[in-house]
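Order of writing sets the chain letters: A, B and C. Residues in each chain are counted from 1.
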């Protein structure tokens, strides 16, 4: 999802403030038009709830009633635990499989079949097997978060430059050395991409699990509100998820830039300086 | 003992009007902090073959792109056919180091691309394209795709495309640089033959001194930081020339001369 | 030719052996009691359910077509929007700048979160499933197409400019064909995503479709039936994916040797009939 950076092209020579002001102006204009259209009854509040009710909903759900927090917490718990367990399992298994060419070849058809299957479809099966409640929810998230890191890690490991592998062999490196010093670092960009995909699916997975069979969580809130046609509050929940998704996305981008420092110019310089300093301090001479 | 060869800095031509002329052309980047081309002055006669030779950063590609109308000059006058250069000109045709063929078109369709861009493809255009492919020796591969052709063959298709427009000024930016030495030599011979047949004015950029001298009437020796034409070496041999001329003592003298021009300015 | 066939047969055989071993181990584990047969039914039970669904009851075909239709329709609609907005953004810088923030917001929101809202809007019936499918597959197509259209090779772009090509010519003769491989990659992701959207919408509210079938069987604790339905869903996904693969193969013909030769021959024939000139036959690499 580094592609998001590609989406936003550099603006023409205007100050950042100017750009934000323009976007803000357009946004406010749209919202005002929306509000007016609702009041004039041009728009059906089922599809387009009053922006003022949405704002009021924010205040109510977050502050006066404050009921969104507990549900948010429950959903996030499943997301974080499921994501961690699923991706660790995915990356770990992929590393094991990646070390053996033959194993990888035999697994390939099953991976292809799994890729075409909606992983989330396993939801009802898990719930039927393990009952309602947070364990099923977390299990579903875990299963959903397993696939992308697994496939990406595998891809990352096999797409290492053949020349570099030969160089390691010519230096007499052991399998573990080749793995830790070459395969793993080379695979990091792909692994990171896989983790970001998993994170995106995790949130969706938790919500779907809640839709099907749960009594608490943000997904449940959305279902309840739409059930009572309280669309404004439902929108509040969805926008909360958007904000959540945005912060998660930005966070993962930052982590990605930190770990895969050699792709970013500023990071490369920073790491270079750090290593230079470490070198000098080790040898005990002044830089 | 280096024999005296004329090394001129932007001499005026004798009588014939220049087809490309440059006065005090300068190109800077990054608000003036990088001087890619510094005060270029030259006149090029019709039918001349000019090599631009120099190391990376000497501005040869930049100069070529300014003549092509792809880059705007920072200051100075640059004219082609007595018209100031303002953008790409139909009488100027350019070829790059990468063949830049479109993978989804056959060879002949690639050669016809300039005619398509110009607006219409007539039957005579089609016949001309086929003849050009025959000229570069690829008539049997007219309907092959780039992925089915070797690097040298792809560059020959690009050469045919270069000539399709009927432009009388040809600009080539290290066209054979990515090919192996044997293919490169063969293509140089072919290029010389074609250019003579078509009687085009040619600017050829390279970092290979031997290639530069072998092909050209005059060699513009360019040095970096800032990029400038350090000197112009005249090559008095008649074109087309046999490859064996590269072993002659006169040729080697010219190579020394060019190196000497680099030496005092780099 | 026989060598290639025999190599394929050999690998197919090896895969079948591995599959048979896995099944055998699974059966063994179930029989011995290592695996809880209620939670994870043994292969023979699953095979029995497959037989029931496909041969005895034959109800699955109707569910199959319904979900297929939902997913494919969602893909077409989401794809059309995605392509249109991507092309618009590629051609017009301001459009792109103003569309981007909203596209990003759409991207970071889990599309599946909108399921109850979509159902409230479109009601019960096919439209809500198609709508959810369209919403979730819009973004992959939009972003892949936009990036593909902007990542054109700099040298080839310069070549077009040196010939005096207009912006429109550059777009249709260079950017679009060069972008096709990546656009189709987006399609492949999108169609599996559209299936997810359709199935999830079915879970929430539907009377027919593979998703609903699987859910019903699960909640009735017919685990082998549910797994059989799940496998059917895999089959559906594979079929959808393969459809796009086939179209990809035909449209992006310059990526595969055999297709290239076929197109090459066809264009040679067309040239001959129109110009009547004598041209050579296409041969391989010199």
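Operating definition for what follows: a contact is a pair of C-beta atoms (placed from the backbone, for glycine too) under 8 Å apart; a residue touches a chain by one contact, two chains touch by 3 or more.
Quick caveat: nothing in here was measured; it's all calculated off a predicted structure.
Fewest steps needed to get from chain A to chain C, stepping only to touching chains, is 1.
Taking the mean of all protein Cα atoms as the centre, the chain whose own Cα mean lies nearest is C. Centroid analysis (C-alpha atoms only) places B farthest from chain A.
A separation of 22 Å divides the Cα centre of chain A from that of chain C. Measuring from the averaged C-alpha position of chain B to that of chain C gives a distance of 48 Å.
Centre-to-centre separation between chain A and chain B, using Cα means, comes to 51 Å. Across the assembly, chain A contributes no residue in contact with two or more other chains.
Partner chain C is touched in their complex by these residues of chain A: 1, 3-4, 6-9, 11, 23, 26, 46-47, 106, 109, 112-118, 120-125, 127-129, 200, 203-204, 207-208, 211-212, 218-219, 222-223, 225-227, 229, 231, 234-235, 237-238, 241-242, 245-246, 248-249.
Per the touch definition, chain B reaches chain C in the complex via residues 68-70, 87-90, 92-94, 96-98, 100, 102-104, 106, 108-109, 113-114, 116-118, 123, 126-127, 130, 139-145, 147-150, 153, 165. Put simply, chain C touches chain B in their complex at residues 153, 155-156, 158-165, 169, 173-174, 177-178, 253-254, 257, 260-261, 263-265, 267-268, 271, 275, 277, 279-286. Those residues of chain C whose C-beta lies close enough to touch chain A in the complex are 14-15, 18, 39, 93, 96-98, 100-101, 103-105, 107-117, 119-121, 143, 146-147, 150-151, 192, 195-196, 199-200, 203-204, 211, 214-215, 218-219, 221, 223, 226-227, 230, 233-234, 237-238, 240-241.
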